[in-house]
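To keep things simple, chains are lettered A, B and C as they appear, and every chain counts its residues starting from 1.
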């Protein structure tokens, strides 16, 4: 496809003229009706997903941190748009990236610290948490991960493999559509089923433990026998889960092919245009996740130093964060806050799109962790203190939701480490120097 | 020890101090400086009625017009730019200075481009000290002391957008650098010695650079009560004779030199250095340092890091025009400018390189040691 | 470092493999008679490994470079210890999945390219096919360490078969090894310690603990970990049933550097350090209490304890008054003491020894943040919680819980203009008759610690009012923390308590204090100037420690 010939108007036309107008996906009721029970009983068979979502330049100075922690806290003004999903959302505040003698290369060092655990000389960026998580939950899907950037900069994204570094992002919704739903797309609901050999091995291995049962039980007293009974009940429960995985899976009820976006216009520097691209990406990624084409997605609105503008104003978001005085009454920079609000609306739309897809007894959002992060704590200073992190969804019940957790003075890496622990990455510690953490945030571990 | 240390220093530093006889001091309080920047007086409307300077955007506009674009063309370029201007335009802006017939980088040769004549402060008030400046016209009034004072530095920079800061905010370029450097650059210490620092009387004020950077607390602020080792180098060691009167500590004017670190100031080097400090009830030490400083070294903070949202060329020329002391005998141009800095210090234990604590952190209330010996 | 560990492990695995033939397949399953089995219903004889025992065992067997992604089932506290609560611990559905995740994670690392050369004592004929001989050598050696006894021939054959079948299915020898190892790591034989008994040939009609159970009991007491190869050898040879043989092994274990891990685990359990997971302080009031400081405060106490009890071989009671401790600069800032570190800028902080001046109220482990902060709510200190913890954790006494309908309005209002200090608030609260009784037990001790705020920082005033730190402990009156600590030091209940807890940590139950053997252990603790290591030795050498629980034996 020749990208130069596309224009935005045609993208929108494509969407409007296409089969599906709304981003929300139709749920095939017949499938749910047939398989609803099976889903409910064996929820574990539907996979967790991990999605990162990056916005530049933080939330506000100090004012955004809610006064109370735990559940039922008051969302700060910047996040009010997310209120309908507050019960599925966690907010983390207070964490910082420790520089350990390195300079703060603004827009880079902070993310380098909390996404890779290691602050080091500029341009060294390897092993972001999404790729480590992908190695655990993302095996066997068609795409190891999908990366998109909404501002047209393929370098804007923060996903990096441990061995090969930064992954470049797709900037065209049309091109992404081609990658996902083009000729190579195979409808998972129609595909022939081949049982996972790994699962077969695990299941038969567990059965050897069960074979010991009689031998183990023989000489025990009643209390010990009761304990062992509990043990074998637990073991059987896992065996059953594995057995279900060896059967032809229930169809992915929410997997449908996305509408094809039209051609696109040349890049604009207006924030609202970037968010339109964002919405197109959200639609495509949501379909891709529902069809289990990937379990890892990374979306970036802009690079950290956002050059997006509000229509009619020449200064961009980044310039405002530097130069706009902090309103003494509001406690933040009002013009910069306009951008933050716009981005957060985008985050809400993404979460809402995921939440509108029912997968058995949960929504796609419930099965996911949508992990929103930024490059700076206080925007005006470009500080690496008090980073906001927002997660939506429980990752298939792996984390608790609805919480505000604040850890002032603690390493921000603890948030990413907690996500990795929740997703089963085999690490007992993560990070280097002062950014090293050895324990997850207990408040949200399920 | 102290005497040897002092004697090893240049005669300039030692001589004035020798005039004083050392009193038998009974109390020393140690602090680290947790916050330091140009003293702002944020009253933008009265300070800068023309509102002429704008921020980075106006700077970009001015720069584009300097290289030949019309205002309309320049605005079109700006609206179509995400973050950075195209490398070609940037190069033309950056290399528009001509020296010996060749284009050279503007930040390195600010004299080689036109003074954009940015607006300077015309308000009545600013913080500072009477440094003996002769021109009554250039005097401000200090809102704390009501005295006429010299602070041409504020006049030069105070109409820049990023200097519209009310404490605890600092001017943006300085706060950014300071916040970055706290975790990496060696900190600064100040300690006071006197008979009873809660009462009026003579005091010795000492400032030093530390060997370690400052630690942060759970709120990301500088942590009080840490222990730091003083850099044994005499370079940033300054001793002043001072006096507490009505709770305000001032010093006999002298010289001050504190090494700092780029991208913050290279150093704070003051002649005719004044201080006005006071103890806050929560244990902090706050106040002002002022004196004459080399305006070019101050300007280097902007020209060395031109992407800080400051109009580095405008500020450079503004500082040059406002310089009010130490004329060059050859050219007659002033080399120094009167200026004032605001600072806040927190209690800390200060040790010398031998590991001996020479200034304990001060805390109101009974010390545990005293409690223990009383039992 | 990692290489060293690996090669050490490798040696031990090789040795273990070598001596397998010597030992034979004498898996001593216990031999309960039918009526004994009924009696055992009274008290479980299987004990679930604690998270720390699980971790320590894996590290000791496979080396510290194996990552153990740590999520375990929650633990419960009984008789003051998680180690006793472990008797009743089960494995739930979620718990089993976690064990399964852990097991597969560990097994995959053991056979990965980085570790296999060091940890697997043989090379397969081909990496793509089964090799029963090599699988047998590895699995039987590892199984002996994991199960803490030699595997039976049946068990070995089963694991080798599983490894072989998996290798055939996957075309990968190491996948076979990994799969087989993972099943051993989720086996109840690894996850539970089974205490087994057999007829005592020396005392006809009586039961004795089997040699392998003795080996486990011993190593979990002293190392908080599984027996090593030499201890299993001693068990196999019957040496643990002889006085001299037992003595030799106890001595060896005590002089091992691994004793420190055991002592740390015991005190971490006794002092409730696992509760720190949920401790947080309001940073508006306690800005110096960072998470790093919280973690370091626990380490401070454990360092103080091991230094005093092991390195210095000190008197246990002096732990409560010792001026010696270890600090980092951040911790020193919390305590408001100077700690000079003459390192270059940018280097991480180091631990340094620190000694308070004689009589300083911050001396002793109970003045440390790990005690006073753990037993305080997030925003204020709590003399009652601290007093209760002193009674329960240090004196082994039981404080009844408050009744359900208490009005806490006086206690919680720290901004009261009339009740500025905790003492004033408690006095107002305790005039309510129903509260007085209990508060008399806890508060006179806890109030002496009011010099320490909720984070453990020192203070002499609260809300501008001077703090009164007078109090009493069982009639001994004192003023301030130092007085309280001296009173604890002098109280006979303090060493008596730690002796009981140490026994229970290893045995999983409290000692029968009326037993003559116990009286002797206590006397020897006293005569040995309350040397804690010596106490562990006396416990480890006593018959009482290995005896069948009375509830069971009496039947």
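We take it that a residue touches a chain if its C-beta (ideal position, glycine included) is under 8 Å from a C-beta of that chain, and two chains touch if they have at least 3 such contacts.
Since this is a predicted model, take the numbers as computed values, not measurements.
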| item | value |
| --- | --- |
| Centrality ranking, top chain (CA atoms only) | A |
| A-C or B-C - the one linked by more C-beta pairs in contact | A-C |
| Inter-centroid spacing, chain B versus chain A (mean Cα positions, whole Å) | 44 |
| Mean-CA-position distance for chain C and chain B (Å) | 54 |
| Centroid distance [mean C-alpha coordinates] between chain C and chain A, Å | 38 |
| Sites on chain C at which at least two other chains make contact | 283, 287, 290-291, 345-346 |
| Multi-chain contact residues (two or more partners), chain B | 184, 213, 217-219 |
| Residues within chain A bordering two or more other chains | 94, 100-101, 408-410 |
| Footprint of chain A on chain B - complex, ascending | 55-57, 75, 78-84, 161-162, 164-166, 169, 172, 175-176, 179-180, 183-184, 213, 216-220, 308-309 |
| Chain C residues within the chain B interface of the complex | 281, 283-284, 286-291, 329-330, 332-334, 336-346, 357-362, 451, 458-461, 479-480, 482-483 |
| Contact footprint of chain C on chain A as seen in their complex | 94, 100-101, 197, 200-202, 204-206, 208-209, 211-212, 216, 218-224, 227-228, 230-231, 233-235, 237-238, 406-411, 414, 421, 424-429, 433-434, 439, 442, 445 |
| Contacting residues of chain A [partner chain B, same complex] | 94, 96, 98-104, 151, 153, 269, 303, 305-309, 314-316, 318-319, 322-323, 325-326, 328, 377, 380-383, 385-386, 408-410 |
| Residue numbers on chain C that touch chain A, as the complex places them | 29-32, 36-46, 67-71, 90-93, 95-97, 100-101, 104-105, 108-109, 155, 158-159, 162, 165-166, 169-170, 175, 179-180, 182-183, 186-189, 191-192, 194, 196, 277-278, 280, 283, 287, 290-292, 345-346, 348 |
